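Next come two complexes built around chain A: one with chain B, the other with chain C.
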Partner chain A sequence: MEHLAEQLSSIKASFILLGPELVLSTGIVVLVILGLIKKIQKTTLTAMSALTFVVAIAVSLALSRSMAQESAALFGGMLRRDSFSSYLGLLIDISGLLTVAMTWRRQQLQRALSEYYALLITITLGAHLLVMSVNLLMVFLSLEMVSLSSYVLAGFAFSRKGTEGSMKYFLFGSVSSAAMLYGFSLLYGLTGTLDFSLGEFTRPLIDHPSPLFFIAAFLGLAGFLYKMAAAPLHPWAPDVYEAAPMPVIAFFAVVPKLAGLGVLTRFTLALYAYGQSSFDWQFVLSLVAMLSLTVGNFSALWQKNAKRLMGYSSIAQSGFLLVGVAAFVPQGIHYMLFYASAYVVMNFLVFLYLQYFESLGCTTLESFAGSGKILVWPAVFLLVGFVALTGLPPTGGFTGKLFIFSSLWDAYQLSGKGVLLWLMVFGLLNTVVSLFYYLRIPFYAFVRSGEINAKPNYLTFENLLGLILVLGVLYLFFNPGLLMGWINKINFVL
Partner chain B sequence: MNVPVHHFLYLGAFLFSVGLVVVISKRNTILVLLGLELMLNASNLNLVAFNRLHPGNLQGQMFAIFVIVVAVCEAAVGLAIVLRIYREYQTSVPDDVNELNL
Partner chain C sequence: MDAIHTYSFLFHFCLVAALAFPLLSFVLSFYISEKYSWITSVLASFLLLLGTLASAVVLYQAWNHPPFAYRLEWFSLAGYSFSAGVYINNISALMLFIVTGVSFLVHLYSVGYMAGDAGIQRYFAMLGFFTFAMQGIVVSGNLLMTFVFWELVGFSSYMLIGHWHEIPAAAEASKRAFIINRVGDAGFLVGLMIVWAHGHSFDIAALQHMPVDPTWMTLASLGIFCGIVGKSAQFPLFTWLPDAMVGPTPVSALIHAATMVAAGVFLLARVHFLFTVPALHIVAVVGCITALLGAVSALAQHDIKKILAYSTLSQLGLMVVALGAGSPQAALLHLFTHAFFKACLFLAAGAVIHSLHQAQHQSHVHFDVQDIRNLGGLEKKLPFTFLIFVISGSALAGLPLTSGFLSKDAILTALVQWHGEGFSWKLLILAAVALVSFLTVVYTFRMIWKIFKGSETATAQLHISEPPAVMRAPMAVLAGVSLWIWFSWNPFNFYGWMYTNIGEAKPFHSGMVSIASAIWVILALGVAYVTRQVTVGSPLLLNAFYFDRLLKQFVEKPILQLAALTHHADKKWIDGFLHATAYAQLIVAHLTGWFDRAIVDGLVDGVAGAAKGLGSFTRSFQGGKIQLYIFWATFAIIIFIIWTLL
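Showing the complex of A and B:
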């Protein structure tokens, strides 16, 4: 009886630390119920989901301020709330809120809006749980939570193409998650525990390294790389990006990517066992990063469709984010978080205006011709977004890339591994390559002349939100210290 | 009746390989879903067999139960997507569904 009471009180304590996730779950239930009411206004649904995200952000801010110790284990070690997972969770919530703001502009076009928002929040909830997971069972469950909702959401354009994108996403995703599961089952057999933050998990891997372990861990990584759209598990990305509605793509480019990145960081740090592992995971991650950068950037060069171009761009951006992890120094993870924050801002800036131009009929790159002369501010803001994604000053993208490459250089100095130098060379070359395709839309918009059927209108919602995002991108360049000071407080312990 | 653990692992690896071959070689989406189930069940077999190597707790068995539930959800979503594909394209063969240019 004593034992039971103890367990109940620990579950109760865990629930308090699970605040943001409980808010999101409540939001899902309320949205599904609201969707049953026939005469519900679409604006009500949008407001409700925006409210869910705002409350979740507020709760997680309050929670991270009031938490007594650095990290807390929840539900007997299934989940772990620490500053790393809280920060990523916050970024994910902000992305969700921005997605709702984007959807608000096209809510009249969206069928099944309540289900749409419910699925959106479900993915957010799954992503929250994924970045908190330290247990293989929990990783599998939350990854499937993100995946299953994403398959459905990818088809929410309700068109022929949308259905096709949804099917391709499903086929790739389910196979890679089955492979991941097989890897997890082998890892369980080799180590005897599902909790990969424990010493029990890493010790057998250091003492008796076997090739089977390498295969198992590699299969496990496949699931995360697929969620991040990193090569060689990227082929779904361009198809899904072309077919899904614009806010959904903007969401897919950030939330599953950050969630996959968070769990990948924890998992590879455990595998690497602070450099004691006999397998060189640094080499594997560097290879994956190089491959993603190259495949993403070079394929993007030939694209004619703006959405498809962003699909390849998101593959390349995964590569850049992975560079921060591949450095395997604490500073690298901090800089990766900085770049991730900048990426959220610039990604939404670009997608916001791509959606604006799409509503005016600009889907291919050529159709942007001449738009810069009539719609001056949208085109200028879009240019800022693309410049940031390329990584040129004066934007936060430049600062982020500079930080990431400087940590990579430090890691190279420390270990002297040739592959890190190659990664550096590849990253810098790819930045140059990305210039050619990111600046193609602004090139058409400002340099080529063409006809566009629109009136200049400065006071739109897009321009207001866009201005905020532009200021954010510029602020991260001129004063990175504020955000960096916050990130530096994140103590990364496994 | 005491079967050594490694026999189960051979069976699991065999099932996984068969599932992967089915997924890659079959053209019909329904058959691909079948192959997927084989792959998931191979992992289930592994988890349950490994639990015998690590007695003391039931982590492996619990994992297998969760996998069964998730597999059902995945099959439901997959079949729903196949239905939509069939309604739009009058086929369930992924090779015939390629409007998204590569």
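Showing the complex of A and C:
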């Protein structure tokens, strides 16, 4: 009985630390119930989901302030709340809020809005749990929570293409989940524990390295790479991106990616075991990053559809994010978080305006022709977003890339591994390559002449939000110190 | 002289007033309606009179007192502060008075000369503005501020030369003056940058204590000298000055004789301490070449104003030689005397032109009134103008009892002192200067003789009357000031109150030089009388050795071409560049596309072909078959695992 009471009090304590997730869960329930009301205003639903995210952000902030730097194990080691997971959770919540803001403009077009929002929040919740997970089972559960909701949400355009994309997503996801689960089960068999943050998990791996262990771990990794849309588990991305509604893509480009990245970071650091592992995980991650960069950037070059282009871009960006992890130095993870934050801002900036132009009928690259002359500011803001994604000054994208590559260089200096130098060269070359496709839309918009039926009305919600995001992107370039100072406080321990 | 001299309120007030009145005249000119434009001329003259009075007070208060310096932080850049300042000593106070005074007289003269001109408001506005800008150069205690006013002077000069811009020659000449001055100013700017890089200050007073690096100082001083070459029309950037004579004659009197061109000499005297010995040698040589060139060319001119313009060149050359010889006092003395007599000569020439124009107007006879070949025997009809011409011409020629004699004497003395003992190239300069003063007498005499003596030719039928009193009065004043008495009590000793107080004069005066100079000039007068009928018909001299063509070819044309080029670039090249980048982008995209198809796809094709004819699968890989996606992903994972493990 005493044991049980102890467990109960532990669960109770865990719930307090689970504030943001509880808020999100409440939001889901409320939205589903609201959806049952027939005459409910769509704006009410939007407001409700926005409120959910705002409260979640507030609670996250309050919690991370009260928690300071400690990390706490929740539910008997299922989850771990630390500053790393809090920060990623915050980014994910902000992305959710921005997605709601993007959806608000097209809510009248969206069928089943309450489910839409409920699924959105469910993915967010799953992502939250995923970045906190230190238990393989919990990883699987939360990953599936993200995945299953994503499959449904991907088809929310309710078109033939959308259904097809959703189906592909589902099938591909199932296979990678299966592979991951297979890997997990092997790992459990090899180590006897599901908690990969424990010493028991890593010790047998260091003591008795076997090829089977590598296979198992790599299969596990495959699940995360799939979530991140990183090569070689990337092929689903362009098809899904092409078919899903714009806010959903914007959301997919960030939230599952960051969640996958978070858990991948934890997992690979456990596998890496401070360099004591007999397998070269740095090599594996570098390879994955290189492959993602190359596949993403080179395939994007010939895309004619803006959404598909962004799909490949998202693959390439996964590569850049992985560079920060592949460095395997603490500073690299900090820089990776900085780049992730900048990525959130610039990603939403681009998608916000892609949605705006899509509503004017611009879906292919050619259809952007001449838009820059009529819709000057939207086109300029879009340009800023693309410049940021390319990683040119004066944008936060540049600062982020600079940071990431500088940490990679440090890692190369430390270890002297040739593959890191190759990764560096590949990354820089790919930045050049990415210039060509990222700037194609602005090229059409400003240089090519064409007809576009739109009256410039700059006093719109899009432009306000866009301006804020542009300022954010520029601010991250001119004063990266503020955010970096915050990120530097993140103490990363397993 | 007390060590710490506090300047009275009156001084401050008058200093501000002296600068404010011309500026006020400039501003007010825009507020007077077109209908009453004659008010402008009267008002502007009145304001300039007030300005002259104020500057007289400034001169009185500042004379032989410690320099007045006022410095104001202007702006600061990267931790260095740039100040703007006023620096008044004997030289600048005197110069201020002379600039304002001559400007007033020219204003007054213009009331008569420009009466009825369509652009009279613009004329007086720019005249006022010019005066203000010139005053700015004079009182500025800071090289940066000097540069700003320097450019303003250039601008107003451009406006005034091109006053009659409907005449193509005037438009052309104003453009030329502007462009050639810019060439010099580019050098000036470089010089300023070097000075800044070394002293981190533009303050003239502070620069005197600047650490000196001889090489850089030589470069800096030569850079500044470039600006002076442009503004003071020295060799080789002198051609704009004769061309600028197409402007109204009072403008020529004020700008191209008395003040603007003098700005260069004035600045040179002011920053004389910056100049190193090699730089001064170059200055002297340039001045000498200009003096000789101007004097020789003046011999062959037929146009009254052109003769005067070339004589201005040669006189400016003399001043620059004196500066090069290390005697700013002599240069300044000549600058001051020259300001009066040359302005007077121009005004007198203007009077001739004006009178003849009026006469022509009545009788409808047309010939070029500025061509001395058409003139002659005007002594009877214009006795007053003749008198003025003789007095101011004597001063230009440097005849004894005139101010010109004193200042030329000062320059010659300085040169005699400078060339030292024995034979050196400096002796050549001295000889050249002597030749210049000889030639000056000859061409001045020739000019006056041709206009006033002999028999009337084209003008015989005309009814010619003296210009109105409003024009005669300034001429009379200036002619009066061309006499020796104002500069030194002793007509044969330039050591007057002015010379001794405009710098640390070296106590060197040779009676020999004065006597020799007097004899030399009288001799020249004799030669001039004997050869009065000889005309120098050399087209080479008439065109000042064709330097204008040279400059046109090598300075003006390239600059205009550059302007056309930048204009062209603006219009076409930037667009072209955009197109080119667009094309480059497309080419690269095509290349990468080819790479994508041929290499990336080809590689995939190859792998697929190897794997038991999976070619159809590969084609459908791009078609989006999910089975294939999964296949590839799994395949890649296996490859990965195998690669890493092996």
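Everything below uses one rule, namely that the second predicted complex is superposed on the first by the 492 of 494 C-alpha atoms of A that agree within 3 Å, B and C clash if a C-alpha of one lies under 4 Å from a C-alpha of the other, contacts with A are read in each partner's own complex, and residues count from 1 in each chain.
One rule holds for everything that comes next: a contact is a pair of C-beta atoms (placed from the backbone, for glycine too) under 8 Å apart; a residue touches a chain by one contact, two chains touch by 3 or more.
Every value quoted in this text rests on a predicted model; they were computed, and no experiment measured them.
Colleague: Let me test your reading of the model: by the given contact rule, A:Trp302 touches which partner, first (chain B), second (chain C), both or neither?
Modeller: Only chain C; A:Trp302 stays clear of chain B.
Colleague: Could you say whether A:Asp410 touches chain B, chain C, both of them, or neither, answering first, second, both or neither?
Modeller: Touch partners of A:Asp410: none, neither chain B nor chain C.
Colleague: Given the touch rule stated above, what does A:Asp239 touch, chain B (first), chain C (second), both, or neither?
Modeller: A:Asp239 sits against chain B and chain C alike.
Colleague: When the two structures are overlaid on chain A, which partner does A:Glu115 contact: first (chain B), second (chain C), both, or neither?
Modeller: The answer is neither, since A:Glu115 touches no partner chain.
Colleague: For A:Glu358, decide between first (touching chain B), second (touching chain C), both and neither.
Modeller: Touch partners of A:Glu358: none, neither chain B nor chain C.
Colleague: Considering only the touch criterion stated at the top, classify A:Leu137 as touching first (chain B), second (chain C), both, or neither.
Modeller: first
Colleague: Considering only the touch criterion stated at the top, classify A:Met167 as touching first (chain B), second (chain C), both, or neither.
Modeller: Both partners, chain B and chain C.
Colleague: Report, in rising order, the residues of chain A that make contact with chain B in one complex and with chain C in the other.
Modeller: Comparing the two interfaces on chain A, one with chain B and one with chain C, the shared residues are 167-168, 171, 175, 179, 239.
Colleague: Would you tell me which residues of chain A are touching chain B in their complex?
Modeller: 136-137, 140-141, 144, 148, 151-152, 155, 160-161, 163-168, 170-171, 174-175, 178-179, 181-182, 184-186, 188-189, 192-194, 238-239, 242-243
Colleague: Could you pull out which chain C residues touch chain A in their complex?
Modeller: The touching residues are 578, 582, 585, 588-589, 592-593, 595-596, 600, 624, 626, 629-630, 632-634, 636-637, 640-641, 643-645.
Colleague: Looking at the complex, which residues from chain A come into contact with chain C?
Modeller: Residues of chain A touching chain C: 167-168, 171-172, 175-176, 179, 211, 214-215, 218-219, 222, 231-233, 235-236, 239, 279-280, 283-284, 287, 298-299, 301-302, 433, 436-437, 439-440, 443, 447.
Colleague: Residue numbers of chain B touching chain A in their complex, please.
Modeller: Against chain A, the touching part of chain B is residues 9, 12, 16, 19-20, 23, 29, 32, 36, 39-40, 42-44, 46-47, 49-50, 53-54, 59-60, 62-63, 66-67, 70, 73-74, 77-78, 80-82, 84-85, 88-89, 94, 97-100.
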